[in-house]
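We call the chains A, B, C, D, E, F and G, going by the order they appear; numbering starts again at 1 in every chain.
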Amino acid sequence: MATATRNVKAIIPLLDRVLVQRVKAQQKTSSGILIPEKSLESLNEGEVISVGKGALDKHGKHVPNQVKPGDRVLLPSYGGNTVKVGEEEYTLFRDSEILAKIEEK
Amino acid sequence: MATATRNVKAIIPLLDRVLVQRVKAQQKTSSGILIPEKSLESLNEGEVISVGKGALDKHGKHVPNQVKPGDRVLLPSYGGNTVKVGEEEYTLFRDSEILAKIEEK
Amino acid sequence: MATATRNVKAIIPLLDRVLVQRVKAQQKTSSGILIPEKSLESLNEGEVISVGKGALDKHGKHVPNQVKPGDRVLLPSYGGNTVKVGEEEYTLFRDSEILAKIEEK
Amino acid sequence: MATATRNVKAIIPLLDRVLVQRVKAQQKTSSGILIPEKSLESLNEGEVISVGKGALDKHGKHVPNQVKPGDRVLLPSYGGNTVKVGEEEYTLFRDSEILAKIEEK
Amino acid sequence: MATATRNVKAIIPLLDRVLVQRVKAQQKTSSGILIPEKSLESLNEGEVISVGKGALDKHGKHVPNQVKPGDRVLLPSYGGNTVKVGEEEYTLFRDSEILAKIEEK
Amino acid sequence: MATATRNVKAIIPLLDRVLVQRVKAQQKTSSGILIPEKSLESLNEGEVISVGKGALDKHGKHVPNQVKPGDRVLLPSYGGNTVKVGEEEYTLFRDSEILAKIEEK
Amino acid sequence: MATATRNVKAIIPLLDRVLVQRVKAQQKTSSGILIPEKSLESLNEGEVISVGKGALDKHGKHVPNQVKPGDRVLLPSYGGNTVKVGEEEYTLFRDSEILAKIEEK
């Protein structure tokens, strides 16, 4: 579903939720030929846009999340809540659902 | 289902429940043309109307909720208990089901 | 199912159970015209008739319930155990299933 | 299923189990006319015959049950283990499944 | 399934498991007439053959079982692991699944 | 599924896992007549080949397993992870899934 | 699904996740004859490529994983998240899902 807001920066995830934007598959080959959309491979790599303060432990304190804004992450192939902000699609995952960070050196 | 009361202010959520009213999709385009109802995109953005005192921890104390009346929030696309008060529809979610706050600056 | 007893006051809920009677939809319009039963809107508002002592915590103490006899409450649209006492129908919910109190001022 | 024993007093429930006999619906109207069996309303009221020592808490102590032999109780419409002793049918519930006591004054 | 062993005494249940042999329904009426096998009522009464040391609590200690070898017990009508030793059939239940003891005086 | 290794001794179970080989049903009667494979009764008796260090308790310590290599054990008729090493088939169970030890004296 | 990255070393598993590459079945017999792909037996043996810091205990500390990079491991036949990096396929398991280590001496 969509939001009325058109500004993704306005979205502040709660608790252990993490707002992610999936990396889009390249629509051109390296030689510049356009790949038709239905041939594009789906990618489960994304960029963290924003994160909540972390889930509450039993003393009522926030447990810090494992990922932070700007992190490249590996996403599970199921789950998450998809939200459309303006023309872009984002997904909210729980921090513990994020499989891995991707750190190119 | 509906309530006998016609006054939403009379509804005091219990524990970690949060009473939310969904934002309605605009029924006119920016140039003023009326959009037929079936073309309106469903929105998962809402406004918090009232909140409970919070769930009980194991010592019997209320854990404060993450959202407060007046907050703009991002709602999950499933779940919640819908209630009709007069002609308006509201939904009760648990505080931990609310995905994010929306804070336009 | 029904009870042999015909006196609802004889029913003492156990633990965190709450005995509720649903508010009946008005069978006449404000101008006095009778509404046929199948047109009556189902209501999820009820009155608490009696409550148990509360669920047991891990020390074996009763955790007081959130609602008390006489409270107007908002009920979930599913769940509960329905019981017929004489000609009247009642429902037993767990205290934590009650969505909200309704306090008209 | 049935037991080999024909004496219900020989059955000693374990832990938080409660042996209950359902109250039978009256088979005659107040004016003495016999009601055919298929017209009898099923009742969810019963009498507690015997109870276990209570479930074990994490220190290995028995948590006393809420009901005791002789109590009239309101039963859930599902669940329980039915056992036939001689010609009579009984049901074993867990103590926490019993909805309410029925105390006619 | 069956075991290679033909000696039930060799089976030492682990933790909270209880080895039970169901009481067989009488195959003759009191006047000595043979009841055909398909007319025999299934019985949920059994005799405890052997028991484990009990489940482990969180300190790693065995919590003693409620039943002991030789006890007559009331069995649930579902569950358990059936094992054939020689020509005889036995069932392993968890101690907490046993509904009641049967103590004829 | 199979392993690349052909040496079962190389398999070191982790945590509370137990590597078991099922006892094979005898393929000859006592008088030496060969029983065709499809007539062989399936057996749920096995021999423990190796065990892990035990599950971790909440302090991060290993809770010792109930069975040890060489034990004859009674297996549940469902569950476990089957693995083929060379031509032989083995099954990994969790220690708490093992029903009983079998100790012929 | 695939990743945009083509470098598996860039993938840093989070918490108790373990990145594994399955051992491929040999495509030639020992005498050098090529086995057609559909005849290759599926293997549940893999090599650990990288591991997370471990799940968090209730004090917020990482519980070390049971396996480390380079370990040969026995994999369950179900579960895990498969990810394609470049032309190679990898699977992420939780540490506790790994059945055994394989240590050829």
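To be clear about the criterion, a residue touches a chain if its C-beta (ideal position, glycine included) is under 8 Å from a C-beta of that chain, and two chains touch if they have at least 3 such contacts.
Because the structure is predicted, anything quoted here is derived from the model rather than measured.
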{"item": "Steps needed, at minimum, to go from subunit C to subunit F via contacts", "value": "3"}
{"item": "Rounded Å distance, subunit F centre to subunit G centre (Cα mean)", "value": "24"}
{"item": "Inter-centroid spacing, subunit G versus subunit C (mean Cα positions, whole Å)", "value": "55"}
{"item": "Residues of subunit A touching at least two other chains", "value": "58"}
{"item": "Chain contact graph, described as a line, ring, star, complete graph or other shape", "value": "ring"}
{"item": "Chain order around the ring, beginning at subunit B and proceeding next to subunit C", "value": "B, C, D, E, F, G, A"}
{"item": "Contact set on subunit E toward subunit D in their complex", "value": "23, 25, 41-45, 57-58, 63, 66-67, 72, 74, 76-77, 96, 98-105"}
{"item": "Subunit F contact footprint on subunit E (complex, rising order)", "value": "1-5, 7, 10-15, 17, 19, 52, 56, 58, 60, 81-83, 92"}
